[in-house]
Amino acid sequence: MELFSEFIKNTGYYLVAADLRYLIMITVGILFCYLSIAKRYEPLLLLPIGFGVIIGNIPFFKGFGLGIYEDNSVLHYLYFGVTTGLYPSIVFLGLGAMTDFTSMLSRPKLMLLGAAAQMGIYFTLLSALALGFTPREAGSIAIIGGADGPTSIFLTAKLAPHLIGSVAIAAYSYMALIPIIQPPIMRLLTTEKERCIHMPEDDRVVSRKELLFFPIVGTLLCCFLAPASIPLLGPFFFGNLMKVSGVVDRLAKTASSSIIDTATIFLGFTVGASTQADYFLKPESLKIFFLGAVAFSIATASGVTFAKIMNLFLEKKINPLLGAAGVSAVPGSAREVHLVGQKADPSNYLLMHAMACNASGVIGSAICAGILWSFMM
Amino acid sequence: MELFSEFIKNTGYYLVAADLRYLIMITVGILFCYLSIAKRYEPLLLLPIGFGVIIGNIPFFKGFGLGIYEDNSVLHYLYFGVTTGLYPSIVFLGLGAMTDFTSMLSRPKLMLLGAAAQMGIYFTLLSALALGFTPREAGSIAIIGGADGPTSIFLTAKLAPHLIGSVAIAAYSYMALIPIIQPPIMRLLTTEKERCIHMPEDDRVVSRKELLFFPIVGTLLCCFLAPASIPLLGPFFFGNLMKVSGVVDRLAKTASSSIIDTATIFLGFTVGASTQADYFLKPESLKIFFLGAVAFSIATASGVTFAKIMNLFLEKKINPLLGAAGVSAVPGSAREVHLVGQKADPSNYLLMHAMACNASGVIGSAICAGILWSFMM
Amino acid sequence: MELFSEFIKNTGYYLVAADLRYLIMITVGILFCYLSIAKRYEPLLLLPIGFGVIIGNIPFFKGFGLGIYEDNSVLHYLYFGVTTGLYPSIVFLGLGAMTDFTSMLSRPKLMLLGAAAQMGIYFTLLSALALGFTPREAGSIAIIGGADGPTSIFLTAKLAPHLIGSVAIAAYSYMALIPIIQPPIMRLLTTEKERCIHMPEDDRVVSRKELLFFPIVGTLLCCFLAPASIPLLGPFFFGNLMKVSGVVDRLAKTASSSIIDTATIFLGFTVGASTQADYFLKPESLKIFFLGAVAFSIATASGVTFAKIMNLFLEKKINPLLGAAGVSAVPGSAREVHLVGQKADPSNYLLMHAMACNASGVIGSAICAGILWSFMM
Amino acid sequence: MPEMETIKGIEAITMHNGWAMAVTGAMIVITGLSVLSFIISKLHKVIAFLENKQKKTTEEPATKNSQPTLAEIFSDDPGETARNCQILTTELGNSFELCSLFSIFHRHNLPHPHITIRNLRSAGFLVPQKDGKFHWKSL
Amino acid sequence: MPEMETIKGIEAITMHNGWAMAVTGAMIVITGLSVLSFIISKLHKVIAFLENKQKKTTEEPATKNSQPTLAEIFSDDPGETARNCQILTTELGNSFELCSLFSIFHRHNLPHPHITIRNLRSAGFLVPQKDGKFHWKSL
Amino acid sequence: MPEMETIKGIEAITMHNGWAMAVTGAMIVITGLSVLSFIISKLHKVIAFLENKQKKTTEEPATKNSQPTLAEIFSDDPGETARNCQILTTELGNSFELCSLFSIFHRHNLPHPHITIRNLRSAGFLVPQKDGKFHWKSL
């Protein structure tokens, strides 16, 4: 009988009564699952995270090797790939093997928009410092403005591991909410006439040699500039070289299927599980969420504004909506840019150009991660 | 010349002469390979284990970093996934992504049989204690009655790691021997008339929403009840949600192919290799084998008996053979139930119902693992 | 401003100016990429290594967790599979699942050539000792003569981890250069008449049972003889048994695709990255490169010579070119043998026989790795 | 491992609290699965109830909200349509089966998915592979 | 790494027992592969011998034992046959090629595998996929 | 985590050197991507230049060096051709699509790849699989 009552005291039902925060988090997890399945908001990210949130918030008796923050638990071992930065690096390997740089290589000017959209990062850095976060925490929060999940997780794992959950949840939430966040900002900052600017369609045929040179040139340039971005950009350009080389197709295929899928599953699941209520539900998390929204908005705004500034100097005007695609959030932001453009002028086709900005935004935020990391030495 | 004689003394030939137990184990390994290839008894499990047994019992010079129980050996690193419980968790992820709960959801009553068949576990627990095993060892041995390989390995890794080899070999051996163990017990406990009971074919169409709700409801219910089953049931229901959601097909496909295959290969191979004769060939192993046979038999018997008890209260009688499928051992026991049923009445079709019991048996034994683990805190 | 100059001092541009050796290595990396893509020299190996060399030689600020030799860096964790020998073992698992021993089983005599070609290993052992290397270093360098990348990396990881980069680069470079190294030696040591010897085409039909017995017999024989070769030959024969058994096709398929591809990518990439200039560019590396060339040449020569000696005793002469295929270097050396044979007599068809020697050469060099390792205890 | 002087038999069971463990354990698993079984048997009713409720509150916004915009981007020019489709189908990876494509179009409520696909094929934007799958022509 | 004052040349070889290592190593690998080569060359004879012996002792139980029962489960109703086949073929995974199915039927000594498969297809239980593989209709 | 008495606002930014970090960081990323953008825009010219230069120095050895020897190994006997092709195509793995085979033949400058493949098929050396891929007949 004693054993029975002991057991009852260790069930989740008993434990949750003592700490209702778990229920809040489980509701959040279910909401994420719902959004990913019913609304199809970035399901590859939201579903694993959502279910991870549920699993991570089932109350359990501590000190027993079950929780993600306890040594020797299965979740802890799987989480190792997050805290060391392994999963983000591996995801970037697969992303590289999936990314087609043709569009970007034929429109190099658009790369600048991918740089401009990173301003959200630095603005958020200042805001986070002003809100009282330490510099290392502020750097982790700022990177949410890069709108790139693995990059955010990687930098946070290096700078402020205790914030991984909050930063990841914020980053992925806002990436899923791109269709809600970006369009009003885009419309606010552009005139109807600007939104109607057509982009020239076929700038130039990109040769196979260019595609081959790019990952090597890109590695040398970006990684020399910010060596701390090696763990992200190294695998990224490696994956891309495997893809475009055409001589190691089986490796490229595995990298862009089994390898990235495996890393995605465990990354999402454990990041979700790391939101254990007693670690996660703190005022800081709310602040981070607030800052994340600021970061995304500023990033969008600065991309658009920069495009408008460029237009002052360019003869052939750029559609300033494209600036919003520089925040990466592949391919969500590209799609939004395209849709807003089409609303203004149904014959306007911005998708390929937006993808070019997207690709450059990924590189841009990885560089920023390297820069921020090296600042916090 | 000295070097040569030194080398000879370190060959397996020389070493095996000093300890013939290795030869016994190698014979067992070859037998497992034979059964899996020639008789096709659960080849996905028996072949890796069988070859692992061979590899693990090639005599070698100790203290050199070769054996599975020596730090720094390749086998030791691969075995890490067993001792930490990682492989079983990952296998459950894949199993979830492969399991179709439609059959079970349309016949909820049959779930009880999956619970009843777990009685073998508790009976074996008592027997193992009576034979002088410590409670933690007894718990590990008892779980063999769950007839679920990964579950057994997981619990043993947590409770009594020194028994992993014996428990795993016993569990998998008896799972392969299901066609020999179960039918006599089924026939002994049922009348010809009972075996002829037909089951209604189409109970109800299961909607997609039910399939979507089930993994979440199941997680909340089972994991709240026995939080220690999270490492098994968490990934299991996660895999299932990925499958039924239909929005992350590429992840579900990778989970149910590359990921589970990889875990299966290394799980089987290293569990086999962990049967190194000097660790394995002990009186305890024989006792464990004996208890394993008892566990399987009692599990089968209690499933069948419970079905007969249910029939006392039900208007629409259940075919009691289905109780035997509650031991899980997917899909072996379902097949046996079906075949015994068909022998009694060739027009009797029990397969889908037996699969429902199977699925519930998997959940049942994972819950039992959680219960036993939490008892041994 | 201070921050800016601090940042500049930490860029690769600034650091490389202080140590131009990085530029040398990056050039080597680019050369490897070029050879693999443009010349298609063993791209599955050279491309990952080449890009790894580039990544590993981007100068960075030490003590920050970026370099492969720094704890806690992503590269360091990925490199773990090299230093422990895990990647080579896993590659051998996949190789086994891809290797078809039919050709070798129907021509057992040719196995001897696979043994003879290992003489290059022992000759190099003596040379390396004479050049002042320690016995453990000499053993690692000698294994280059086995012409088998994973085997070389495995043994070096066990005996002299500080040489992994040099040994691996040497082994893979010469494997890529097989078409340049082997033909002159073959021609030098054989007469036109010998090169024209035809080999009987269909020696014997190999039954499925033979294919099934072989991996088990091979394991018992080779691993008993040299237990230290278990980590290579164990997975190798395991993979092969999975393949030929036909009962675990899904496992065999995963082993020969996702699993080996993943190990190949990370093995190549991290081995390449381990050539960090300040660790790699030393006089020893040059000596190792020199000894590697010697090893390959002697291995080729001894294979050919041994075949000629066998011919003294055989009634049905063997084409001595086949000896050169005993160095393994699958399938490059088999192709060279075939091409040189065809040059002498366009109707001569040596490919299948050369493949038999190849397969035996792989086993031979794994045994030699075991022997050398056990000598250095 | 049990030592020589281990207590055995009934005594051992009692000492280690075996009876309580067995009874409690058995009770818990049966209770657990019974409750799950009960909930499952009611699940479709709960879902039906939720659906009715939801239908009333969200039916209209749901149709207004997300997908139609995507249908709009389909133009008469097959080239543009192809590019639009390509972005809709990034989730499919590099190569895919026509039926997956069809189901995506269907999900997005695009008009005449069959005709669209046929047009894309005949215009060469959907390139058949030898294994029966298709990939997009590089644009 | 060798130090400056390292002994080199023949002396180094002798000191480190190099000659013995090289000779012994070479001998062992040649002996090993020779024995393996010899065994391989006799393997088919050993197998033939074992097969003959086994045939005498196990031929009858083998045919009695496992597979025929599976043949029995094939009924006239294609629906039932389909479900039976499905359980036989769990090893194939979700999608498979007809030839794998055929070889499983063949292995189980089922009568007329070709006809069975054709019936299953025409009855819609075997659903063709675009990639030439098939999956079972959900039952 | 920030303590209670944490400095906040502008003061905190200044104290932690925030302004410098933000300005420097922004400058670096914009400079970096601008340079990359510039290099990319010139890349095709660099490549064209390299190609011209390379053409002059390596055109002849390139054709002499590696592939033609492989073309030589194609004989009239389809059996031998099959085996030759098989070794050329180890990179394809066990099963492959005809188009991959074709591209390898093409890459090796073999004469009439289409005819060769057709001959190999009709002679049964290339065995079609159900999924549209092919494998080599075991030789």
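Letters are used for the chains, namely A, B, C, D, E and F, taken in the order the chains are written, and counting of residues starts over at 1 for each.
Note that a contact is a pair of C-beta atoms (placed from the backbone, for glycine too) under 8 Å apart; a residue touches a chain by one contact, two chains touch by 3 or more.
Values in this document were obtained by computation on a predicted structure and should not be read as measured data.
Path length between chain B and chain F in the chain contact graph, taken as the least number of steps between touching chains: 2. With chains reduced to the mean position of their C-alpha atoms, the one farthest from chain A is E.
Remark: rotation between chain D and chain E after Cα superposition is 120° (nearest 5).
Set against the Cα centre of chain F, the chain with the most distant centre is B. The pair from C-F, A-F or C-E that reproduces the interface of A-D, where over half of the contact pairs by residue number are the same, turns out to be C-F. Centre to centre, using the average C-alpha position, chain B and chain D are separated by 27 Å. Between chain D and chain F, the centres computed from C-alpha atoms are 34 Å apart.
Taking the mean of the C-alpha atoms as each chain's centre, chain A and chain E sit 44 Å apart. Residue positions 3, 7, 43-44, 225-226, 250, 257-258, 371, 375 of chain B each touch two or more of the other chains.
In chain F, the residues touching two or more other chains are 17, 21, 24, 28, 91, 93, 131-132. Within the complex formed with chain A, the residues of chain B that make contact are 84-86, 89, 93, 158, 212, 216, 219-220, 223-228, 230-231, 234-235, 237-238, 241-242, 245-248, 250-251, 253-255, 258-259, 371, 374-375, 377.
Per the touch definition, chain E reaches chain C in the complex via residues 1-2, 6-10, 12-13, 16-19, 21-26, 28-30, 32-41, 43-44, 46-47, 51, 91, 93.
By the touch criterion stated above, chain B contacts chain E in their complex at residues 1-4, 7, 39, 43-44, 98, 100, 102, 179, 256-257, 331, 334-335, 338-339, 342-343, 346-347, 349, 351-352, 355.
Within the complex formed with chain B, the residues of chain E that make contact are 17, 20-21, 24, 27-28, 66, 69-70, 72-73, 75, 80, 83-84, 87, 90-91, 93-94, 138-139.
Those residues of chain A whose C-beta lies close enough to touch chain F in the complex are 104-105, 108-109, 111-112, 114-116, 118-119, 121-123, 125-126, 129-135, 137-138, 162, 204, 206-207, 209-210, 213-214, 217-218, 221-222, 225-226, 250, 282, 284, 360, 363-364, 367-368, 371-372, 375.
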